[in-house]
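The following pair of complexes shares a single chain, chain A, combined with chain B in the former and chain C in the latter.
Our next item is the complex of A and B:
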């Protein structure tokens, strides 16, 4: 713990010293960034931009992740449909979604929905692939036990397939949520008048290095908080697992 | 016995297509037997003799290629009969080789699982679950997850999970194979005690002749592939039997060697 704090302090000190040597207008400084964030918080500017970016990320994540979670459950019993869809989903997974931002803007406008579309397209494929892997990894002996006990397909999904795929779903959420926030900010960089990405873009455009770095710092902080929340939810939902340290499930 | 059998297999057959030789390989052929009310029947066969295939057919997980299966006289499974349901709507229980406990449920929630699925989990069944947990010495472990239990405890939990919902017929597929000798002995005695309390009709498959004699009223033997019933042996050793001192019973050596000669 302390070693990390000392390392962080050392990095900040080097940055501060570098700023004194090269001039704060080029690389700013930790003190200036913290001051800037404080000013933004006090004036309420930061909260508005943070809220906008988080709203885009949350909406996009839900619109992408919920179908990404449900579709593999439905396809479990529709082998033909799954086989038909497979190559298209592979292509969709491989497409660089960021390259579509200009198109999303044309289709959904420069408001919130073009960012939501980008985030949704990123989240969907991540959650879909991981959940599909989890659905395939379900122990057939557990399914057989449940069927003999009289379970219907809906009951199998709810009581066997979904719980055993949960570690895989978490694996995807751990990647998709930070990417959702980052993706929303990236989309804002290209065209927006609100949000942290806009704040970075407009600050840098005015050569306000301190402002741009302060916005990046705020973005980093949100991602870190999200990771903590996901880890806490995982610990809660997966309390049944033998040990918590390896958070990535082994693929069968 | 003259009364109608509880579970009956008539000329049961199951083949799998062999893609290489374009032929049908019969695992089971012309297999017939009947289980009567409250009987504990053990089934011994050489390994690879299709014991698990047979139990999968009886449990309605698999469909026969020939013959039929009757439960209380009603045909529940035949090659052309559509709409069979696994476990015959909770009337046939199946305790498999692995305990198959759900790792995300506590012991108690695992035992209650079939009742919950069947929508029958009420106060009286909860009480029954409590009694069964106590009967196999698992009280105090109700809220433990499967990975926190020993192999023997997990096996006990898987047995009472099936007993809890009270199916009239219970199939058991070498359930104690993976246990050490000590816990095996305890759990065999637990099983007989539970059976004597409720008098379920049980078909218990094993490759261990001593186990077959210790537990059964009757022992059936299987031929090697394709499997059908080779012999039937009445186990005329009075109950309660002590599994531990079974070998000292005067009838034991005779029964053992007769079964041994057939498998």
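Our next item is the complex of A and C:
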């Protein structure tokens, strides 16, 4: 623990010393960045930008993740359809969504919806793939047993498939949520008039390194908070499970 | 453990279908492909201001090929992506081996590595452009930053996945730290490294493009952004198609390398990371 604190302090000290040496216009300094964040918080500027970015990320994530979660549950019963769609979804996953930002801007304008669309396209594929895998990993003996006992498809899904797919879903959420926030901010870099990405780009455009770094720091903080929240939610929802990870490497 | 890996590399699941339906499968896939193309064309006719049809897009790409413009822009982007990937992934593979030599250092580094993975590195691009200029360097640094953490964390996890029994056994037979690193850890972490590389590759191209969107003199991203500013939708689409082709091709090549590099592993151990 002490090691870590010393390491962090050393990093900050090196940065601070570097800024004293090279001049703060070039690389800013930890003190300046913290000051900048404080000023932004006090004036309420930060909250507005943070709220905008988080709103984009949340909307996009919901629009992408909900179908991504439901589709594998439907496709579970339609093996042929799933096999037909598989390569297309693979390609869709493989397409570089971030590189498609200009396209989203052409379609949905520079407002909130182009960012929502980007985030949705990113989170859909992540959640879809992870959930599909979770659905495939369901213990077939449990399913057969439940069917013999007369369970309907809805009951199967609710009591067996969903619970056993939950760790896989969380795995996707853990990856998709930070990407959603980051993706929204990146789209804002390219064209926007609000949000943390805009704050970074406009600060950099005015050669205010401190402002740009402060905005990145705020973004990182939000991602970190999100990660903590997801981990807490996972612990809650998976409390019934014995300690294990969804994909312990098979060949360790 | 899986939480620390920040990517998913999906594989097509072997469809559980009878052989007799296989021709139908191919037919249905072809049908879906044609349907998607028709949908694209229909949308292009419906809102021609926002969507360029498949045919004009293809013609534009062929135009770019004929004039040779495509070579210089793909080359610029590829150079940025590969240059950054070599630096970022190279360090990402090597550093964990250095770090693992000292358990104390590993314990110190781990939380920092996890936090830095969470920083949206692409958001740093305006800052990097200020520091390194609008040329090649800023994009290479961006790509390196982007890919380093992905590969570093995966390799780290790969090394840690090695059971202590194997290491102890080899140590009893007289292997030193270096030999353990080379023979045991290196080989065991291979699947992790390859999975991370495949996850990092599209990000490398993404990062190069974002850098080019923001400011550049050449590259696919520059072409897309330039076309966008001229309200030349067909140009935007052509750039996208080229990007998509580049990413899919690069992944196919990398997958080939992956299969060769991991050929020594038994089939059932050929794992993907999730």
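What we mean here is this: the second predicted complex is superposed on the first by the 243 of 252 C-alpha atoms of A that agree within 3 Å, B and C clash if a C-alpha of one lies under 4 Å from a C-alpha of the other, contacts with A are read in each partner's own complex, and residues count from 1 in each chain.
Everything that follows uses one rule, which is that contacts are C-beta pairs under 8 Å (C-beta built on N, C-alpha and C of every residue); 3 or more make two chains touch, one makes a residue touch a chain.
Keep in mind it's a predicted model, so treat the numbers as computed, not measured.
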So, after the overlay on chain A, do chain B and chain C clash or fit? They fit
Should A:44 be classified as contacting the first partner (chain B), the second (chain C), both, or neither? neither
Which of the two partners, first being chain B and second being chain C, lies in contact with A:144: first, second, both, or neither? first
Is the number of chain A residues in contact higher for chain B or for chain C? C
Partner chain in contact with A:3 - chain B first, chain C second, else both or neither: second
So if I take every C-alpha atom in chain B and every one in chain C after superposing, what is the smallest distance between them in Å? 11
Considering only the defined contacts, which chain A positions touch chain B in the complex? 139, 141-142, 144-151, 155, 159-160, 163-164, 166, 238, 240-242
Listed in rising order, the residues of chain A that touch chain C in the complex are 3-4, 7-8, 26-27, 79-80, 82-88, 90-91, 93-103, 105-107, 126, 129-130, 132-133, 136, 168, 171-172, 174-175, 178, 181-183, 185-186, 189-190, 196-197, 200-201, 203-205, 207, 209, 212-213, 215-216, 219-220, 223-224, 227, 231, 245-252
Over in the complex, which chain B residues touch chain A? Could you list them? 59-61, 85-87, 89-90, 92-94, 96, 98, 100, 102-105, 113-114, 117-118, 145, 147, 165
Residue set of chain C touching chain A in the complex reads 1-3, 6-8, 10, 12-13, 15-17, 21, 24-25, 28-29, 32-33, 36, 50-51, 104, 107-109, 111-112, 115, 118-120, 122-127, 129-131, 161-163, 188, 191-192, 202, 205-206, 209-210, 213-214, 221, 224-225, 228, 233, 236-237, 240, 243-244, 247-248, 251, 265, 268-269, 271, 273-274
